[in-house]
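Naming follows writing order (A, B and C), and every chain is counted from residue 1.
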Amino acid sequence: MIVRLAAILAALLLATPAQAQQKLTLLLDWFVNPDHGPLFVAQERGYFREAGLDVEMIAPSDPNDPPKLVAAGRADLAISYQPQLTIQAAEGLPLIRVATLVATPLNSLVVLRDGPVKSVADLKGKKIGFSVGGFEDALLKAMLEKHGLKLGDVTLININFALSPALLAGRVDAVIGAFRNFELNQLDIEGKPGRAFYVEEEGVPTYDELIVVANKARANDPSFRRFVDAVERGTTWMINHPQEGFQLFIRGRKDLDNELNRRAWNATLPRFAHSPAALDRARYVRFAEFLKAQGLIKQAPAVDSYAIELR
Amino acid sequence: MSVHAARLDYGGTPLFDELDFSLAAGQWTCVLGPSGVGKTTLLRLIAGLEEAAAGTSIAAGDGRPLAGRVAWMGQQDLLLPWLSALDNALLGARLRGEPDPGSERRSAAIELLKLVGLGGRLAARPAELSGGQRQRVALVRTLIEDRPVILMDEPFSSLDSVTRWKLQELAVELLAGRTVLLVTHDPREALRLGHRVHVMAGRPARLDRPLLLDPRTPRRLDDPALLTLESELIRRLAGAAEAA
Amino acid sequence: MRSLLRALLVFAGLCLVWQVFVTVTGIPPYLLPAPTRVFAALIDRADFLLPHALLTLAEIALGMLFGILLGGFSALTLARFAPARRWLLPVLVVSQAIPVFALAPLLVLWFGYGLASKVAAATLIIYFPVTSAFYDGLRHTERGWLDLARVMGATGGRELLLLRVPAALPGFASGVRVAAAVAPIGAVIGEWVGASAGLGYVMLQANARMQIDVMFAALLVLGLMAVTLYYAIDAALRRFIPWLPESLTASSKE
């Protein structure tokens, strides 16, 4: 009898967790796409719940908003980009990187495969489309310099995120800011495959394309480490079960179930950070120096002031 | 000219029906009546601005159509604010697209404007003129049209009594010899200016037998004979107001 | 001169309120910079901002020109030809209902990334206000004048040209005033969607680089341009239509 009572008591105690689920708002960088795979897998597999977290993921209308909102304390976490974070930190925004989601660059210079441009050098006198990300011209400058060209040798046209349509319509000869896992597949599906020149192969130091940032004042919040651990579990599971991972990604989100996402999923798989919490200081220092040399920032801020490896 | 068996429907009910009356050539006919009885509508009918029901006949004494032989002077001066006094006076020719009025018509207009005391205001815009001055320009404009029949809808009612007085004298002088139909609500004005005075009454409205007055106008209202007529007129008007 | 002084005072007052707001709320500069920072950025980057400002001004001016011409012509057509009303009026309403933001990418696709698409966007955004105001004015001509014209024997065309058009000019003027206030929006939206120059582009770029003070500086320049344009157009209208009793400032004896 006492054993049964004890068992019931124990069951009751275990059923209610010691602390209520902590709410975290995570602002995505763009509309939901396969780059966010580990997050949704962690969500669907219950890894966030098991870590005592209730994560709300919100897609923004303007990609420039999420870091600002986190800096202003209106959201807990945001997906951002290492280059943008460096610039923002140099401008004094109180942001700090707490994890890496995609550990390789995704940005690339894309041309039509069957077009006249076969190498970066062929871009002389051509039109290059870009969307205003803040530092595309710096990337381009470095890439062109490697092939003996100057920024003045090309015409830059702001096409504001309509990258593939502009390339397909022939309005521009190349686009920069195209994500190699996404836009390349988009062009493929349209029947006009593209060719990508990868920025890190053309004179730009390599960097983390997608990172998780938080407000500096809360850098040591224990829930963040738990969050990153859950993301790591999601990544690992995804790599082990890629196709089931995709099914979890589209579960309850019918609009994501399309050919482009299917292809992008497979293309992004090898690029997720296997150890999201890990930080390579030298990589951040190197990229900050690159931005300074390009004149985008006046001073390279100390890495520890804007990037941390959570304990 | 005469109006015979005129019928005009307004909102489903006949405003007037079997309305007969005639205008004597070269004389002033005045029409009085309570508001809403249809005086202005009758005027507009003759002017060609309203459509009458079938059976109506509006004809000139000589049998030719009235169109193009009528001039209109409304309650407001209807001067166009962007034209000068002189250009307003010459409006008719402009609107009809007649070749440049030619110095003849133009100097006639200038003479007339001088006559009515606006010689120094030829280039003035209506906004710079007083109410009386504007009506004088309207009068000149009406004259320049040189039409045999003049239709006037309470043209002096918005002016103060002194200005009205002067303008009445001017109108009589300048419109001498033309056939004038004047709608007014002022019995004294009718008695001062009209050769025949009708009262319009009833629903559907009719015109009664006119009061006939002697040919010399404008008359002096202190004439005792006129006072008798005035009381008769007011009696008829009161009756008309009751019938409405 | 006096109205200019008044305008400057109002502007100074607004800046004061802005500064107080920033100081009291402690809002971070990357969300809302203080006026001091914005003015510093304005002076610092003046040579950079000037050519962009001139380009946007050109887009606005051309957009207004085409919009007014097209609108005036459409209103006259609507007033003169009854069948036109049946077909043109729905087009007019649709042009207003669809937000320019949605059409801008199409405009860029058709007219390219240069000046033409921005001018088209500005034209589109003012087409309805101008046409509607002018057409309303043409429709509601004083009845007395129309009567007079009819009795005088005016032809339809002359009545339109000599009577209804001048009478409708005040209505047309109010449409043009609205256009002056709204055309800058069209030009900037056009730039957001596809441009490499102009104040809209500068705002986008500065925002992406977290140079919010520069973004606000560009915004300030745009605002000043728009206000100046409005007052200039208003003064021109009053000169061109001197018989208008109303005017923006109290007296016309400035």
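Here, a contact is a pair of C-beta atoms (placed from the backbone, for glycine too) under 8 Å apart; a residue touches a chain by one contact, two chains touch by 3 or more.
Being a predicted model, the structure only gives us computed values, none of them experimental.
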| item | value |
| --- | --- |
| Chain-level touch network, classified as line, ring, star, complete or other | line |
| Chain occupying the middle, per Cα centroid | C |
| Approximate Å spacing (C-alpha centroids) for the pair subunit A, subunit C | 40 |
| Whole-Å separation of chain centres (CA-atom averages), subunit B against subunit C | 48 |
| Centre-of-Cα separation between subunit B and subunit A, whole angstrom | 85 |
| Contact footprint of subunit A on subunit C as seen in their complex | 28-31, 105, 108-109, 112-113, 192-196, 201, 204-205, 207-211 |
| Of subunit B, residues touching subunit C in the complex | 44, 47-49, 67-68, 70-72, 74-76, 78, 80-82, 91-92, 94-97, 125, 127, 145, 151 |
| Contact set on subunit C toward subunit B in their complex | 142, 144-145, 147-155, 158-159, 162-163, 166-167, 169, 241, 243, 245 |
| In the complex, subunit A residues that touch subunit C | 64, 68, 71-72, 84, 87-88, 91-93, 132-135, 156-160, 162, 165, 169, 171, 296 |
